[in-house]
Structures are given as C-alpha cells and as structure tokens.
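Alright, structures below, take your time with them.
Here chain A shows up in two complexes: once beside chain B, once beside chain C.
On to the complex of A and B.
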C-alpha cells in the first residue's frame, strides 16, 4: 500500500516535471530571435505564399492557442514536421534514439564496471604504491575534454594504426538484421569501439572516485570490523560487506549519469560522425530546424527524467532501509 | 583449581599516534576461568576495549600487540599465525559489540547474517543453518518470524539479542561482550544481562564483559578486573572486590555509580580529575595524581600486583591499610579535596 502510494506520487512528480520541460521548450523556441520559418520559406515566395505557409504551420495564431495545439499534439505523440527533412520529427528522432542509447549505455556500463572494481580495489589498497600512481591518472583522465580525447583516440587508433573506422556506425551495404544481430556483429562493434571508449574513459572517474571514497567510509563501519572478528575471508569482508554497502550511491549515480552522458554525446557523436540524437540536435539548431531541435530536446529530457525515476526505484531495491521502512 | 580458559600475561598494546606511540595497555595480566563471567571494568580510555579486541586480534590499523601472551586452551594466540587465529575466531572466540545497530550489516536480513557465520564459518548446509538460526532466535527470545527482518526493523534491545544470537551461533568457548548494554535503557539492560547470565550458565561458556559501569559488574559477574590507565589496579572475585575493595580507584568507582538493583544508597561521589595522558604517563602509580591517599612513594614507584587474599590481587602501595582507607573512602569529603 505504502509502495503504491509512493509510486503514484513519484509518477505525479514526473508528470509535473515533464510539463515544465515541455513548456520551457515551447517558449524557448518562440522567444528566440529570428523568423522560425526562415529556413523553410524561400525568399522568392510572395507575401501571400509566406502568410499561407505561416497559417499552415499555425504560426499566425496567438501564442496561447499555439501552446494549446502544441500540448494537444504532444499528447498524441505528434512532434511536427522537420523543416529540413520534410518528414515527421517523431519518426526521425526515434530512428536515431537507438544509436544514442547503444553508445550511451555501452560506454557507461564499461565506465561503471571498471570504476566500481578499480575504486573498490584502490580503497582496499589504501596507502599503497598502486594508489599513489592510480589516483593522479584517474584525475587526469577525468579532466580531459571528451572531444579532445576523442580526436586523440581517432588519431592513434584510426588514422595511424588503422585498427578502427573513423566514423559512422556501419560499413556500406552491411545489414545485420535485428538488434542482437547488430550488437554482435564485429563490423558494428568496430565502429562502436572508439566513441564508446572515449565516453567510457571520460566517465569512469566519477564512479571510481565515488566508489573509492564510499568504500573508505564503509570500511570504518562496525559491521566491517565485526565481519573480520567473525573470521570471514577477506573476499567476504571486502566484497560482500564493504563493497555491497559502498555500491548504493554509485548505482544511483549511474542512472543520473545516463542523463548527463546524453549531453556528452552531443560532442562525441559529432567527432565520430555517429548518427545519434546529439549530432542531429547540433545540426538542427544550426540549420534552424526548430521542430526537430525541439523534439530532440524533448526526447533527451524524457530520458533524463526516466533515468531519475529508475535511480529512485533502484535505490529502494538495493537499500532495504528504504524499501522496508 | 582447573586451568583457566584464557590466561592473559603481561599484555602490551600500543597505538601509533602522530610519530610516537602510546601504550594503551601496559602489562595486563588476568585469567578467565571456565564457565564464568569476568567483568573488565574501568573508565573510558583505560584500555579495557583494547584488551577485549586484542584477544580477537582484530585491532585498529594503527594498533599493535607489542608484548605478552594470551594462552587460550594451552595455545598462545598472541603468537600463532594469522591463518590459525582466523580459524579460532567465532568458532571459539565470539564477540558481542556495543552498538548492535552499526555492527549488523544494514543491507542483509538478520537471517542471512546468521546463515553467513553458520555456513561460511560453521560449515553447515542451508537446512542445518536454518534450523540453527531458528533455535538461536528461540534461545534469545525472539519470534522466528522476525528472522526475515532487516536490522533497522528491530529495537535497540532486540538488536542486542540478535547480536547475542550471532555470538552464540557456533557454540564458542569464550564470548567477549564489549559494553553490551551501554546503549540501552536500564530496564532493557537488566533483561539483556539476565539473558546473558542465563545462557552463559546453560551453555557453560566463559564471558568477558567489558563495561564502565560497576553496577553491571555487580549484577552479573563472578570475577572482576579493574583497569586504570592501561594497567590492572585490582582483580578478584566480584563479591570481594566490590565489598572489600583494596584499591582506592575501586573504592572511588563504587561511590560513583548507582546500584542497578535499584537500591539508591546515599549520594554519588565522582572521582575528581581525569585519567592521565598515556603518551606521558606519571612515573609511579598512575592513579596517584587523583588518589586522596597518595603518598610520596606512590608518585615514584609503580606498585606491583600483589595477591593479598585468595584470588584477590591489587596494585597499591597502601593495600595493607585497605580496611582503614575504605572507611575514609565512603565519606564524600575525602574525594572533594584534590590530592
């Protein structure tokens, strides 16, 4: 009962946040200077033709009416027509979303798996020579801008060594058939390697340092000392008790990092010509393709909001003090 | 008299603190007889918890056992390799911590924490571990339906019972209880102590009960070791130590605590001052600076631990005058004047 109530109130909060995002997006694009139709309307059109087009897009109506229509369309999943591609925005961005999600999750899972293990190890080996070398390296990789890191990796592994392709997602004419076919094909993985590695290196610092500092705190807890007094093996003490407890905030940060990563994707997708949502967003903004940009922003916001919800749910799943209150 | 279960001889434990080292335990010797409760009493920082933890050899990172022996069933556990020591932990020597809240892992049910020791340390299979877990809960008086609960779902007293159940899981010979009732209210304190006493007698195990509270000692202990500033001030049968104390510190402690049984007799008198800084302890008797009966010799020479009655040992230069000092010590004004 309490669970249901909590879930309901959480959903309501999400709906409110989503509405706020939608409204801000609506206003943002209408308050931007310049005629939104500039990219669509040829200057040679007559004034009548231009007005007819404005009317066709509903841009002659007062702002509040446009807002109501916009909300109504959104509820039906209608995001409008792209100015540039002359096709529905929803179709376009939903086609690109998988590319972005694959890149994001692959890189984050690598970053978190590495970060959690390395962070736990470094905490356990506190004060050792390994730690003295590792921490500065981690801090350095964390400080590197991802576009720069991407270009360095491209220069080394693609242009110089020629191990990986420089951009795109697949070789010309290749067809994988289905998600698993795609994800297990060496061709696709070769394209995925460098952008995913770039993002993984860029992202591993947060989980690593977070895990390490949590571990250091948890290892001072009485229950860890008790585990040692119980004569349990070092592995049990470090992994089953210390790491398991230190993991809680790290898992939450994973969900939040997904949202954060979408922003990082904008840069990396551009560097590696990865046909994802981020690259499309940059193009849409520079081409004044407002409906497409708006749709892409909206989709990113939805993913971020969803991941926050997942973070909450994950926490209550992993921490009995929340789920069994 | 049979051989004691554990004989601690001249134990020294020091902490590395800011370049130097501090001897938190400086030559402690005492015996833990079989089938009895030994109270290890003293104020904060006297080294009693350090002694308790030293017996498990799980001590703070900056602490080290620098000398002495701990003869447990004929083996010096201070000298055996870590691997061998680890085999003894929990199977032979178990521990009840002060704060059962922080000493239970919050993310596992108490059942899973019982299973952990029963299976990983006791070598039981799942079914046997479950039966034993239920039996243990029955022993400490908790409904077995609560096995599936998480530590935070228990009250303080219940958690302490869980800690006792955990400690008894593998039928240890020695249970070290470090301030097991300090965080609880007086009513619950009594219940837990009654239970500890009952289980100890039923199972015939030995218990070292570490406490700062002399009324807890009076309530459950058979023997008492009084520690002061890393050394043993007095040791003997509980009855004798508390009714005929021979060390002025024990006399002072007795004045400073109410009776757990509820008999409020007279006013409470604190011992003025604080224990010495162990980085630079006073040269003679460490209690001398706070002792109302200190003589010149007390500030010069360390008093040896002498046996003055059967099994009753004391480290005081004026122990022979104990009956006279006891008369003086019950008077509040004796303690009001700083020596």
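On to the complex of A and C.
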C-alpha cells in the first residue's frame, strides 16, 4: 500500500511539473517580442485560415482566456498548423517520433550492453593497468561534443571509406513494404549505423562508470564475502552474486538516459540529416515556424518527464530499501 | 606557530585555502594545468595568433588563400574555404570558450549554492517551494530549451549563459541542500545559535565555508557543460555570428563541405580543444571527490 501511495504522489508531482513546463512554454511564446498572434498565424495564410485559427486558439481574447483555451486544445492534442508544412503540427511530430525513438533505443541498448560488461570487468580488475588506461578514455568520451564525433565518423567511414551513406534514412526510391520491412532492411540499417554508433560511444560512459562503482560497493558487502568463504569460483561470485545486485541502479538509469539522449539527438540528427524530432525542432526554430517548434519542444519535454517518472518508480520497485519520506 | 599564521593570512589566501584545491591528485593537477594553458592562450591571443581570425587572406600571388593544407604557404593549420587562418581561429576560440565557461559556471554555482543554502537552512515552506522549482527545472529538456530561447533572443553568446542560469542550478541546489541539512544539526552550529548568532551570520560564517568546495566542484562541471552547449548551439547556427568560437568553426567546416574535402586539419583541432577543456573539468572533479568523499576510494 505504501508503495502505491508513494507512486501515486510521485505521479501527481510530475503531472504538476508537466503543467508548469506547459505554462512556461505558453508564456514564452505569447510574451515574445512582436505580434502575439505570430505564435500561430503566418502572414501568408489565407484570410479564412487566419480566422479559423483565431477562433480555434482564441487569439483575440485576453491572455488568461487564451491560456484556458490553450490547455483545452493541448488535452485534445491540438497544437496548431505548421507554417512550413501547412499541416497539423501533431501529425507532423508524431510521424517523426518513431525515427527518433529507434535511433535513441538502438544506441542506448548498444551503450548499456557494452557499458555494463565493461564496467563490471573494470571493477573486477581494480587497480590494474587496464583500469588506469580505460577510465581516462571513458571520461574523454563524456567530454566529446556528440556532433563532432559524428562529423569525424562521417568523414572517415562515409566520405573516405565509403562504407556508410552520408545521411538520411533510406536510399531514394526504395520501398520496403510496411514497418518491419523498413526497420530490418539492410539499407535502413546502413543509414542507422553511424548516428547510432555516435550516440552509443557518447552514452556508454554513464552505465560503465555506474556499474563499476556499484560493483566496487557490492563487492565489499557481507554476502559477497560469504560467497567467497563458501569457496565459490570467482566467476560465480562476480557474475551471479555481485553483478546481479550492482545491476539494479544501472537499469533504472536507463530511463533517465533516454531523456538525456533525446537532447543529444538534436545535434546528432542534424549532422546525419536524420529526420527526427530534434532536427525538426532546429529547422522549425531557424524558419520561425513557431507552432512546430512549440510542439516539438513539448513532445521532447513530455518524454523526458515520463522517463524521470519511470526511473523513480522502477527505483523504488526494484530496491525496497528506498524510503518514501 | 602554524595555527597563528593561518589565522593571520588575508582573505584571498583564506578563500584559496577553503577551496581545498586537490593538488595531491595527479589527474586534478593535470586538469588545472590544462586550464592554465587555455587561460594563458586566451589572455595572449593577440600575440599568439598570426592573423585576425576573420580576415580573408591572400597568397603571395594575390590568389584567395582558400582551403590551404597545413604548412602550405606558412599556414600552421591551413585555411578555411573563405581563406581564413584555422590556427588563429582556434586561438581566439579559447576566449569565447573561457568567457562562457567561467561566467556560466559562476552563475550556476552561485544560484545553485544560494538556493541550496536557503532551502536547506530554513526548511519548511521555503524549502518546499524551492525544491518544487528544482523539480520543474529538471523537467525542462536543456538543449531544446536553449534552442527555443534562441528563437526569441538576438543571437549572442550570452543566451547560453542565461539558459544555464535559468535551468542548470537545479543539480547544484539539490546537492548543496542535502549537505546543508547535515551541517545544520552539527554541534558547532547549535553552539553558535545558543550564543546568539543571527541566521545570516550562521549561514555565512559557519555553513557557507563548508560547502564552498562542493560549489566549486559543481562549478567545474558546469564549465564543461557551458562550453559543450555553446558549441552545440553555434553548430546548429544559433550562435553569435560576430564571435569566433570552436562551435562556430565546426559549423563553418560542416557547412563548407570540409567532411567531403577530408579537411581534418579544419574540424579536428576545435573538437580536441573542447575535449581537453571539458575533461580537465572532469579530472579536477575526480580529485575533489577523493577529498570530499574519501570513502568512495575511487
């Protein structure tokens, strides 16, 4: 019961955070310099379009009334018309979301698989020469600008060696027939390889360092000493006893990493011309397509907040020692 | 009498001591040395750089000196497609990097420490309100926020500093707050209170000095964040077109097809500089962790 109550109050808390972020966004776009209507109406829209949008978003009403209408529209998934595409923002960003999620999850799964194994290995080889070399290298990958890493990989593997295409998601004129056909085709995977590798190299540091320090903590615990005294093999002690327990916090960090990754995607998608949410946000802001920029930002924020919530809930679920004070 | 000597030393010395710079950690010293080299480069950029970073250069035959390879015609790191000297841009890039890094880090550490101090010391509804604000700041995706901010503000390097001050104080504030919570109940704080010290005096004299190293730690992480963020923002084309930064160089190189031209001399050095400065912050941080949390034993 205590769990359920804590989970509910945490959910409520994050719902309030989401509401606050939505409100900040509203104020930013309405109080910006210039015509307040510019947030939804492009001067090149036809008179009927302009009137329809005025009515839909109540742009001629006082600010508080606009705010109420804005919240109501949001709840119905209504985000306005994109200036550049002349189509509803919601449709546009939802169509781009799968590309961004595929890139994010592919790179994070690679990063976590590698990071967990390497982190456990480095904890086990504590104080060795391998560790002394590896840790500064890992810290260096955390200090890299992701887009720069993308540029270097692109210059080497695409422009010099010609192994991978330079950008986009598919060759011109190709047809894969359906969802799975696309995402398992060798052509698509070739496009996915470099951006996913770029993000994976950047992200592996977090699970690696976390896994390593958790392992070091767990290895000192009584039950590990006990397992050693029982005469179990090093492999059994390290993998079956220590690693399993060190893994929990690393797994919860996965949800947080998804949120962070969505931010890093913005630059990496731009480097690789990957048609995702982040690149669209950049292009919308450059072109002053305010409704689209607002929608893309909001969707990213929603995913970030949702991931924070999942991380919190997972953490208290997996580790019952966490108190709910 | 060493105790007396410490007590008599001036405020700058005491301040320096209370930072507890981790000078016995090899990594941290290495990081501090990198900082030193970059600061010196930034200060003497005019003397070090052979050309003005925005000047369009010509060869001796009066041709545009575009896309020169390193060493060609005496250009150390070659030239850009517009005939500008890459090495000079790199040298001047240290200026904007350090300017942004240091101001943003200062803002983040200052706001974060203040919020943490007030929140942890006073508790109650002050704490509740400030920590809910921190929750909201955690809900804002940082880089997208900077980009959206760039849509409304004039392109300037200060946008990054502003965005960091608005959002990134959250991490520092939470950590400082929990530290203050443990300090608040220490005996010497109670003693000061019984002796009639005001809240302000307790905070400034007895608590703040103890969290200073922690603020500095978060500040040195923030330097790296600021430089990386500025690079990303400039790379996306929302930076200040007037100022030469490493991010601007990378954007220029990317847009000028430097990748297809295999002009590594153009886009590799700025990236390496960013890595050096940012990892210097990490190395210093590690040195601090050994001092502040000796039990971690990393």
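Operating definition for what follows: the second predicted complex is superposed on the first by the 285 of 325 C-alpha atoms of A that agree within 3 Å, B and C clash if a C-alpha of one lies under 4 Å from a C-alpha of the other, contacts with A are read in each partner's own complex, and residues count from 1 in each chain.
Everything below uses one rule, namely that a contact is a pair of C-beta atoms (placed from the backbone, for glycine too) under 8 Å apart; a residue touches a chain by one contact, two chains touch by 3 or more.
Here the structure is a predicted model, which is why all the values come from computation and not from measurement.
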Touching partner for A:236 - first (chain B), second (chain C), both, neither: first
Chain B versus chain C as contact partner of A:85, first or second or both or neither: neither
Contacts of A:315 with chain B and chain C, given as first, second, both or neither: neither
Chain B versus chain C as contact partner of A:114, first or second or both or neither: neither
Partner chain(s) touched by A:271 [first = chain B, second = chain C, both, neither]: second
Chain B versus chain C as contact partner of A:282, first or second or both or neither: second
Touched chain A residues, chain B compared with chain C: C
Contact residues of chain A, present in both the chain B and the chain C interface: none
Complex contacts: residues of chain A adjacent to chain C: 13-14, 16-18, 20-21, 24-25, 28, 32-33, 136, 139-140, 142-149, 151-152, 154-155, 158-160, 166, 213, 216, 259, 262-264, 266-267, 270-271, 278, 281-282, 285-286, 288, 290, 293-294, 296-297, 300-301, 304-305, 308
Contacting residues of chain B [partner chain A, same complex]: 56, 58, 86-91, 95, 97, 99, 102-107, 109, 116-117, 120-121, 149-150, 152-153
Sites on chain A touched by chain B in the complex: 221-223, 225-233, 236, 240-241, 244-245, 248, 318-321, 324
Residues of chain C that touch chain A when the two form their complex: 27, 132, 135-136, 138-145, 147-152, 224, 228, 231-232, 235-238, 247, 250, 253-254, 258-260, 262, 264, 267-268, 270-271, 274-275, 278-279, 281-283, 286, 296-298
